[in-house]
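First the structure, which I've put down as structure tokens, then a few questions once you've had a look.
Note that the chains are named A, B and C in the order they appear, and that numbering of residues resets to 1 at the start of each chain.
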Amino acid sequence: MELVVENLAVARGGLTVLEGVSFRLAAGGALILRGPNGIGKTTLLRTLAGLQPEVAGSISAPPESLTYGAHADGLKAVLTVEENLAFWAAIHGVGGVKDAMAQMNLTDLRGRRAANLSAGQKRRLGLARLLVTGRPVWLLDEPTVSLDVASVALFGAVVRAHLAGGGMALIATHIDMGLAEARVLDLAPFKAKTPMSAGASGFDEAFA
Amino acid sequence: MIALLIRDLRLAFRAGGGFGLGLAFFLLVAVLVPLGVGPDSSVLAKIAPGILWVGALLACLLSLDRIFALDFEDGSLDLLATSPIPLEGVVAIKALAHWLVTGLPLTLAAPVLAVLLNLPAPGYLWLVASLAAGTPALSVIGAFGAALTVGIKRGGLLLSLLVLPLYVPTLIFGAEVVKRGALGMEVGVPLLLLSGITAGAVALLPFAAAAAIRVNLR
Amino acid sequence: MSLWEYANPKKFMQTSSWALPWVAGLSVLALAGGLIWGFFFTPDDYKQGSTVKIIYLHVPSAMMAINAWVMMLVASLIWLVRRHHVSALAAKAAGPIGLTFTAIALVTGMLWGQPMWGTWWAWDPRLTSFLILGLFYLGYMALWQAVEDPDTAADLTSVLCMVGSVFALLSRYAVNFWNQGLHQGASLSMDKEENVSDVYWFPLLVCISGFVLLFVALVLMRTRTEIRARRLSALLARERLA
């Protein structure tokens, strides 16, 4: 069980933003992605999740092992907390809704509609979704946005428990989540030097 | 897959889900047309098959942009695309949910509205049969159009422009079934052609729609 | 030397800049020759009088309205399979041209129909299916307009073109079915292919070849414009990065 990324280049809007990204993540490992805004953290995570094609390089991971936690939580406002989680659990064919609510401190809110949650509570619900996917590799894009200090610590503990169970996490974040054991990957050195030369994008040399 | 169907139905029936809007629109068409055309029942009887089919088609069109746009905005579509369910299946289920929420109620309500338009008695059976056979095609074709326009802000008008030409064959055969049925003529050929279009659309368009969604998510 | 070399924008620009004047010139010659021959040096029809001569605009433009769609379909498939940008841009370029040919076919059809059938518009199966073809062109062009990213737009319009082709064909047959079913249509049919005698046929052939050349010239011209626009946006993007 290992996520291996070799010499990966990713593009956004037809321009290569990152190139030569390589890393390995073994079971139980966490990697924190850092870099200034616009460097391509989200693009990298979306590429890893399989939502967009890579420009170059390779990603090898066991099939259906990754799950993506984006800026948007994928919640339906008219469904309750429990219904939202139960839906994603059913889609992924795993259970554990009650356990996920307990871990993210949502049990008291289970019957409340997502529309009536605060931003932080919504975020916690969005993160609880990761627990009901049953997938080992979590790709997290700024997971702590709108969480208070206590919730950040809570989520840090959830991630640590996930890692202890043989899971992996790839986290793009600017704040300290208390994951001392996580390695840090600074993306700034991988900024693409020749954004136009992307073979897969629209800017083949003949156009520019 | 069942979970997705149940969720979509639940979303449609809860507040703000838009269930019933299509039906209300259909009713309005059936009321407004006689007001515009005049009360002459022989004229109404003649145009009833066409009006009912066009009304059903437009009512179907109303809710198309909700099929994927809401899931796209709140991030669910990203998550569905990375879920174990194939995207083609997601499209098919969502089209089915759309049909259950619009096409099926329209089919069941059509005979009542046909009374307002003086549809001749032999036409009722064929009105229901043709809508039952044809509205699934409207939902699947609409889902394809919605998939093409999912990334476009305020794509509703564009969606209509793309989908309406694709509705032409379904409309022609569907209305033809009712027209012939109302005159007591043989309806087998157009009904079979209509069913053929539905079967073909249901079988093939989810693949095209899934491809379009993948492009739009990039 | 493979055919695919022309898919390179640079190579395409070189070749087309050489070919364009020839194609355009030939098309002007053929059109002028064919139309003058057709309008002034053919006899009036015993039944239709001089109105028959609109055939020299009507038939070629109707043919090209369909052929333009076929060309768009082929170019879209090439884009989907081989990812050649010139192919996608050529399909984009053909859209408005096809729509224009469709409009010409419709307008000339109406002008012809008025004295012949006594009405500007009849829901004749052929006229109707051209009207529907025009709607398909409109949708295709609107989708190109609406999508910002050029590669996304190329992908989506290609998928639409494929699906649209199937439904356009279905519509054609549906319309035939619909009209026969309603009007027992024979009164409005116009078996032009069978009626046309050699006297009309040869200038018509010249006109058709002129329209084909005109179409090729227009597509080349518009594709060149699209390539330049694409290059411009690429250069601007590079400048922003620098």
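Remarks
Following the convention adopted for this analysis, a residue touches a chain if its C-beta (ideal position, glycine included) is under 8 Å from a C-beta of that chain, and two chains touch if they have at least 3 such contacts.
The shown structure was predicted, so the numbers you read here are calculated from the model rather than taken from an experiment.
Contacts with chain B and chain C are shared by A. Think of the whole protein's Cα atoms as having one middle point; the chain whose own Cα middle lies nearest to it is B. Of all chains, A has its CA centroid at the greatest distance from the CA centroid of chain B. Looking at A-B and A-C side by side, the one with more C-beta contacts is A-B. Distance between chain B and chain C, defined via averaged C-alpha coordinates, is recorded as 31 Å. Centre-to-centre spacing of chain A and chain B amounts to 37 Å, using the average Cα coordinate of each chain. With centres set at the average Cα position, the gap from chain A to chain C is 48 Å.
Within chain B, residues 218 each touch two or more of the remaining chains. By the touch rule above, chain C contacts chain B in their complex via residues 132, 135-136, 138-139, 142-143, 146-147, 152, 155-156, 159-160, 162-164, 167-168, 170-171, 173-175, 177-178, 181-182.
Within the complex formed with chain C, the residues of chain A that make contact are 13-15, 195-196, 201-204, 206-208.
Residue ranges on chain B touching chain A, taken from their complex, read 2-4, 7, 10-11, 14-17, 73-76, 78-85, 217-218. Residues of chain A touching chain B in their complex: 46, 49-53, 64, 66-68, 70-76, 78-79, 83, 86-88, 90-93, 129, 133. Interface of chain B with chain C (complex): residues 144, 148-149, 151-152, 155, 158, 161-162, 164-166, 168-169, 172-173, 176, 179-180, 190, 193, 197, 205, 208, 211-212, 215-216, 218.
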